[in-house]
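Presented below are the structures under discussion, each in the form of structure tokens.
The same chain A turns up in both complexes below, where it pairs with chain B and then with chain C.
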Partner chain A sequence: MTEKVFTKENWIKALEGLAGTYRIFTPVKDGDFHNFKSLGEGKGPDFNFQNTRLSPKTLIYPQSERMFEYSLDENDSETNILKESPKDYSPQAIVGIRPCDAHAMRIVKLNFDNPEFRDPWWVQHFESTVLIGLGCNEPCSTCFCTSVGGGPFNEYALDIMLYDLGKTFLARGLTEKGEELLKKAEGGTPADSAAVKDAEILATAASNRINTSVPTDKLKEKVVNELFDASFWDDVAFACINCGTCTFLCPTCWCFDIQDEVLGKQGDRIRNWDSCMFPLFTLHGSGHNPRDQKLQRVRQRFMHKLKYYVDKYENGVQCSGCGRCVRHCPVNIDIRQVAEFMNNY
Partner chain B sequence: MENPYLPYPVRIDKITTETEDRNLKTFRFVFLNPEDEEKFAYTPGQFAELSVPGKGEIPIGIASSPTEKGFVAFTVNKVGVVTNYLHNMKEGEVMGIRGPLGNWYPWKDMEGKNVIIVGGGFAFTTLRSSIIYMIQPENRSKFEDISVVYGARSPGLLLYRDELAEWEKRDDINMHITVDGTDDPDWKYNVGFVPTVTKEKITSSENAIAIVCGPPVMIKFTQPVLEELGFPPERIILSLEMRMKCGIGICGRCNIGEKYVCKDGPVFSLAQLKEMPGEY
Partner chain C sequence: MIEYAAVIRETARKLLQNGTVDVFIAYKKGSVPMTNEPALISDADKAEILYWDSTCGMNLCNYLTKRTDKIGIIANGCNSRNIVTHITENQIRRDQLYIVGIPCTGIIDHRAVQRTVGHKEILAFQEANETFTVSGDGFEETHDKKDFLRSNCAVCTHRNPVIYDEMAADPVTEQDGTDAYDDVKRIEGLEPEKKWGFFTRMIQRCLRCYGCRNACPLCYCPTCFVDESQPQWVGKSVDPVDTMTFHILRAYHCAGRCTDCGACERACPVGIPMRQFTKKLNKDALELFSWEAGLDPDQRPPLDLYRPDDYNDFIK
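Presenting the complex of A and B:
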């Protein structure tokens, strides 16, 4: 296990040095908030953030992704025959991903990479990515990662973990992929025991700072149809305006739509993130819609995350506790409270 | 890496208009690459995504039987963007098929049993596949009595009329064709709703398994008839429809509880459905 200490300036330089081998993505201050951007694309990296507005989900699972291309030209010998769109699977590194967002990728992996079908695009994007986590010295008030199997310095799901020690970063290699990147990163010095100890103190202090506890222990034993018919869904759904912000921001929401787009005689088959909050999501060709009511859609989102996923995969809940949906819901629907309703029902 | 979203290219070999309102057409497809036909090995009850480049994909039950070689067939109702376009396509044009997808009727459980098939309207497609499959000489002895109740609103809306007439003549399958109503004086089959005819013609649930496919209202009124006959929910088999995209249980839209209709279905027993949220 490699442990190196970089001054913050040297860390940026090291990333710049790695940019020839990896496509590097880092948090960048973007107006009032931070988001992941490609290194060298305008503003420089900024590691002073609580969490990015959007998780880096789109770097593994693009919000809009070309699947196939085809010609609609009748004179073309291969008219109407779909060809896979070319992709860039060269190595990429997501630097500064929070442990919850990396955990989310593992939650989602069970869907995209299952024993029966492997989603070729998700799997290949994922496999070409090195996840360099940045532990959370100051978790947000809405964070509840510790309730769902994570933690502000949880190294699970990461290739490298960064500890922000003030003037320096301690970088710890956790996987072969991570070790390989650290070997190529210039300008660091081997970590001494004092730095390692500082890192441990930091991690413990951060964990103690998360005081939201969300109960999920009884979800598995609940009878699905009893939860489905529970009366609290009326209250949960009452204020919802079906805006879809929660599903858009959620690092574990994976639903997508497939659409064909045509320009002239050239066609593309594209997949786009979709949302169970929208009635069109389930509208049949016949006009029938099994989820035409707002309540049904709100219930679907929470039941999927906190019951269906739990039953199907035996891998805990489909939530990494990042708290984005809590912070950004315009009507203050709170998944922590819904989990409590469900768990205590 | 294998790509489960990539359709096999096919040529439209034959188009047949099935109903007098011209809303239902059967499309026969031939694979452009002969080896794809082997990869597309299917079992009656399964479906596929028909892929019309420039328009999109639609999940449609396979109407042909695996015992029919050299082509696959689908009967398509004209309802939306893709189906309207498909209905105007011509024989010889190239498009795609992705599949086979989903599960199938419980053929292993059906062996040695009386098979009761109850179908309504244009939901008869995978039932046609099943009947053709069962009456093949190499398969017929695996099943006991085969009874079919099939109805449509009027004679002109019945699918596969030539085949229905042929099956009527056979003595190894009991056909009960019906229409809701007709003013045709020469109509020689039943008149009445499917649940009513089922009640008249099917007299026993002994050693029997029932497959029911049709519009929701037909299913709703057929279910009590079968239960009265003594069919336990495990032996009432239904095939569901749902809006689908990926067809392989990944895109997330066709779930009922934790089950995806595209991958865990479309075939479910009534016993299974009773354990699942009633959201379909």
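Presenting the complex of A and C:
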């Protein structure tokens, strides 16, 4: 296990040095918030953030991705043949991903990469990615990672963990992929025991700061149909405006829609993030919509995350506790409260 | 405005108890500072959960559409104008409503507050008179509300409700001397390419979550044009052309109807100032038709009305 200490300046230089081998993405301040951008884009890396507005899921699972392209020209020898669109699977590193967002990728992996189905694009993007986590010295008040199997310094799901020690970063290699990147990163010095100790103190202090506890222990034993028919959904759903903020900001929402777009005789088959909050999500070709009411859609989102996923995968809830939906829902529908309703029902 | 909270609770309790209304729509206090949750109660005993302060920035008229019961609702100036628009557009009947008027001194721009504390996490927000205090780990700041109003509220000239059954307090003084269209004029003055560049950059971050559309009480179509699939008018990807089509068409659908309540911008998770689209159309409605939306339930809006004496030749 490699443990190196970089001054913050040297860390940025190291990333610049790695840019020849990896496509590097870091948090960049963009107006009022941070989002992941490629190194050199915008104002440059800024690791002074609580969490990015959007999770980095888009780097593995783009919001819009061209799957196939085709020609509708009958004179073309390959007319009406779907051909896979070229995609970039060269190595990339997401630097500064929070442990909850990395955890979320493992939650999502169960859907895209399992014995039954293997989504070639998601899997290849995921496999070409090195996840360099940055532990959360100051978790938000809306964070509840510790309630859902994570933690502000949880190393699970990461290839490298960074500890922000003030003027320096301690980088710890956790997987082969991570070790390989660290070997190539220039300008660090081997960590001494004092730095490692400091890192441990940070991690413990951060865990203690998280005071939100969300109960999920009884979800598994609940009867699906009883939860489905529970009386609290009316109240939970009333305020919902059925926008896609929660689902699009969520690092564990994975649903997509497939669209064909044609210009002249050239067509593209594209997949786009979709949202169970939208009526169109479940509209059948017949015109029937099994979820044409708001309540049904709101219920679906929470039942999927907190009951169906729990039952299907036996891997806990489909939520990594990042708190984005809590902070950014325009009408303050709070998953922590809904989990409590469901768990205590 | 936090002092209205107690009045709202008391009024809701009274109206539910004496059967004037079946349900009452207001806010309850949110779990995150400066965010509150629209709430509906039908039980007078639940009135105690109701809440109001200067961060209640959504538009409750959104929750009235096509309801069939008797509804009590709170409404400040802009929300009341949307209720008028709803009545004019047959989305609700006046006799179904009992409106508790909120004389409004403006809603706080939560983003401006976050900016002023350097984006440190705000753990508590407390309002008192016309000031507010925000605090978090290692900081506490008190500010005058008037310096942190949302840009629509800063230039608002209809703070008092235009329609109500009772008021939660005495009317407040209306602002005058504000120039509501300062920003629009600046954009109007740009060269076409720069104008296009401005709007293109403005919507660059759009996620197509439709928060702006859904927060808007004007958007009540059973199926929005972006959700039509036969035919499909707009692409569903985040292609900038489709995103621009969505924003421009949405704005046009609001022409002569928008009350500049600001709910669209409040809802946006990535902070797009999409009122720059609708404000231009509000300005046109004012200049071409002397029209401000939602002021009078007996007036037909200019875009759904034909007059034989119209001054435009093309329509005669």
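Throughout what follows, the second predicted complex is superposed on the first by the 344 of 345 C-alpha atoms of A that agree within 3 Å, B and C clash if a C-alpha of one lies under 4 Å from a C-alpha of the other, contacts with A are read in each partner's own complex, and residues count from 1 in each chain.
Going forward, a contact is a pair of C-beta atoms (placed from the backbone, for glycine too) under 8 Å apart; a residue touches a chain by one contact, two chains touch by 3 or more.
Just so it is clear, the structure is predicted and the values come from calculations on it, not from any experiment.
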Contacts of A:279 with chain B and chain C, given as first, second, both or neither: second
Chain B versus chain C as contact partner of A:201, first or second or both or neither: neither
Partner chain(s) touched by A:116 [first = chain B, second = chain C, both, neither]: first
Touching partner for A:334 - first (chain B), second (chain C), both, neither: second
Partner chain(s) touched by A:225 [first = chain B, second = chain C, both, neither]: first
Chain B versus chain C as contact partner of A:259, first or second or both or neither: both
Set intersection of chain A contacts, chain C complex versus chain B complex: 257, 259, 283
Contact footprint of chain A on chain C as seen in their complex: 30-32, 35-40, 58, 62-63, 111, 114-115, 119, 121, 123, 137, 205, 207-211, 213-215, 223, 227, 229, 235-239, 266-267, 269-271
In the complex, chain A residues that touch chain B: 67-68, 70, 72, 79-82, 84, 111-112, 114, 116-120, 123-124, 224-225, 228, 254-260, 262, 267, 269, 271, 274, 276, 281-286, 288, 290-291, 296, 300, 303-304, 307-309, 311-312
Residues on chain A engaged by chain C in the complex (per definition of touch): 30-33, 50, 53-54, 63-64, 138, 140-142, 238-239, 241-245, 247-249, 257, 259, 261, 270, 272, 275, 278-280, 283, 326-334, 336-337
Complex contacts: residues of chain B adjacent to chain A: 1-7, 9, 32, 51-58, 77, 79-80, 83, 93-96, 216, 241-243, 245-246, 248-258, 263, 275-277, 279-280
